[in-house]
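Right after this note come the structures.
Both complexes shown next keep chain A, but they swap its partner, so chain B is in the first and chain C is in the second.
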Partner chain A sequence: MSEIKLIITGPPGAGKTTAIAAISETAPVKTDTHTTDDLAAVKEQTTVAMDFGELTLDDGQKVFLYGTPGQRRFEFMWKILVEGGLGLIILVDCSRPDPLADLHMYLDNFADFIRQTSVVVGLTRTDHPDAPAVAEFYSSIESSGRVLPILEVDIREREDVALLINALVSTLEFSR
Partner chain B sequence: MKTLSCKGFSSKDQLVLKSLIDLIIARTSDTWTYSDGDDSDVVIIDTDNLDDHDAVFRHLESRHTVAIEYTSDTTASSRLRLQKPLRAANLISVFNSVEARIANAEADESHTHDTLQPLASQEPTPEILTALDEGQAKYLSISAGDTTCFIDLPGNRYTCRGDLTLPAVLGASDRTVSTTPQVENLATTGEWRPYPALRWLLGTSLSNGELLRGINPNGQFKLHHWPPAEVPRAAPYTLSLCALLSREAGASIEEAGAQSGVARADIIGFINGAYLARAITTPAATKPTGAPVATEADTSAPSKPRGLFGKIRDRLMRKAR
Partner chain C sequence: MSQYKFSERSEAFCQDLFQNMFDTSDAIYGILISTVDGHDVSKSFSRDMPAAKLSAMMSAILALGETIAVEAEQQQCRYVIVENSDGYILTLKIKDKLILSVIATTQANLGMLHSVSRNAAEKLAAQLR
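So, the complex of A and B:
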């Protein structure tokens, strides 16, 4: 059986580690360390290599969940982690200064992988007063001609992580 | 309260059935519970797994127990049927028609089950939705049980008086709906709540299997954006429809039904909701039926076996291992 793997990416603090902890059936493997640079003002811990979790299907097959490190200085890890992946979930933290630019940065960086597979966008911390409306995200990707699922979620809730994976599975099954 | 049991189910399907019942309870008007006993109101029979299912049906019918077949067979049948794989939406609609059967049978013993109609035929027609769409009506009041919800469509907001939530009231089989042109006519007391999924939800729950007036049913429908997360949270089958209708070439109602296994009435409800939310392009009314759209996307097989996606879905529906 080939390895089934889903990748979760997004900026620091978007909730990648939180998402995997919420849904994984094994205690997630984290590689978080204390933040040192500018990020330390916002966040105590950050992921330096990857997060890892897993789900077991009824027939025993495993689905592996990989979370990329958020910070750009770990960009080299991104290409390695998506190798052989089934699809991508991009989490966008709507409390950051420019969430639309964040989304486009990840869409561009993973463009090759997305073209071969599929992508779902999860918007987190959408209750922030400056959070852009979902419609703004859709308008900003309109020119690409591709319709991506963009869903507002509470990434701390297992049901919402399941919703993103379900949406990804639906696009893999029916959108291509 | 109604009790339900199953016969011939694999242990996995039985598990899925039990968890679905817990999940959908808010969308059925009666309370359903799973029972392992022998005298339940309703029995679902996996006819693919049982050789002597005709005898089982005869036996149950002689006891006036409602028997439902559960099968992957798609040829026509006079029996109440749940199509494989188990889906929440199908279960809700079967439960609601069973409730109607039992209620009708109690009201009139002379009725045989053949003459009993699923409840859908008594539901409000999509005239209401068309009136909302065309602006003749702007405000709705919807009641079920002791709850009344008021909807301000231009304001994309609602308020409810009573214990039920808006999705529960919209999904209740005994709900009544009325419209009014003036917001002052609504006897609201509570606070208005914004609800971005409102138009989608009205489409999926009030369509009664009919497209809004003026929508051409023949041709490709193309979705421009996915609904708010509340919609797939309440109705997971909408995820398949979203994916099918967001293809570059879109999809026809027939294609969407054949590929997703979602009932035609649910597809139409979803399209109406997307139309009300201005999220979908519908086929041009002037075009002859079935514009040629044989694109590669329609014919190419997925690169991974379909079974895998179904298995991932099954796994996500279970809480923990």
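So, the complex of A and C:
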């Protein structure tokens, strides 16, 4: 296996586009447009189709990273983008009103994909005063019968994005 | 939810313009204005179609068209056209935050659809803030 496709999803503002820009070895492909709704208070731009970036792991493995739009009305893109994918990174923004519910929303919506692949969860903005503790995420996932790696990350940092990707790739190797 | 919305005057302007477009070509059966981030703002459909879903999809395809143009080192994406066995769907930017989509049967000539859509987009750009 010389090339693998990984998908990054999660709510608007979690940092999918930022993550791919931080780690891609080539100029990332972006499809961000002006936000014209409530999200404009948080962010000037939002992804409407996809993000794309490429990187090479230490062992020479080529990784293609696809970022989804976060907003629900772009759900149709989620189905298109997971095609042929081998793993999923779910970013959860801990400064949003209900990060646990956000996580479950993406776990549910990507359930078919997740059944065939691996998932890691990246928690962003964990320094927010109302951010749930990591333990809460673990127990909330466990109660729905799952065990997933959860990492706290600063998605703007290349090394932190690499951490998520390595965690995901190693679960892929483990499950093969 | 605060969403992009036309004033009554702008909406009336759009509906007049849509009517003109229908009058110009029988083949046109759907005209939709949406925001670049995929919300529907104004429309006139003579067949039933899901405006909200189409708006999200049109914004995605237009953004992809613009990105593909850049990657292929071509200048300024003017339209994205989806050509089907029984119809055309043509999408273009009105101005920085709005896009226009025109849906027609294959009875329309594509050149004519281009000009009708381009003219409409220009009128809309001049009228809308």
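Simple rule for what comes next: the second predicted complex is superposed on the first by the 164 of 176 C-alpha atoms of A that agree within 3 Å, B and C clash if a C-alpha of one lies under 4 Å from a C-alpha of the other, contacts with A are read in each partner's own complex, and residues count from 1 in each chain.
Everything below uses one rule, namely that contacts are C-beta pairs under 8 Å (C-beta built on N, C-alpha and C of every residue); 3 or more make two chains touch, one makes a residue touch a chain.
Just so it is clear, the model here is predicted, and its values are computed rather than measured.
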{"item": "First, second, both or neither for A:Ile8, with chain B first and chain C second", "value": "neither"}
{"item": "Which of chain B and chain C A:Thr46 touches, first, second, both or neither", "value": "second"}
{"item": "Chain C versus chain B, contacts on chain A by residue", "value": "B"}
{"item": "Contacts of A:Glu173 with chain B and chain C, given as first, second, both or neither", "value": "first"}
{"item": "First (chain B), second (chain C), both or neither touched by A:Cys94", "value": "neither"}
{"item": "Chain B versus chain C as contact partner of A:Thr56, first or second or both or neither", "value": "first"}
{"item": "First, second, both or neither for A:Ala19, with chain B first and chain C second", "value": "neither"}
{"item": "First, second, both or neither for A:Asp160, with chain B first and chain C second", "value": "first"}
{"item": "In the complex with chain A, residue positions of chain C that touch it", "value": "1-4, 35-39, 52-53, 55-57, 59-61, 63-64, 66-67, 71, 96-97"}
{"item": "Residues on chain B engaged by chain A in the complex (per definition of touch)", "value": "12, 196, 223-226, 228-229, 232-233, 236, 239-240, 242-244, 246-248, 259-260, 297, 300, 302-304, 306, 308-309, 311-317, 319-321"}
{"item": "Complex contacts: residues of chain A adjacent to chain C", "value": "29-39, 46, 48-50, 69, 71, 73-74, 76-77"}
{"item": "Chain B-facing residues of chain A, complex", "value": "4, 25, 55-59, 61, 63, 86, 134-135, 138, 142, 145-147, 149-153, 158-160, 162-163, 165-167, 169-176"}
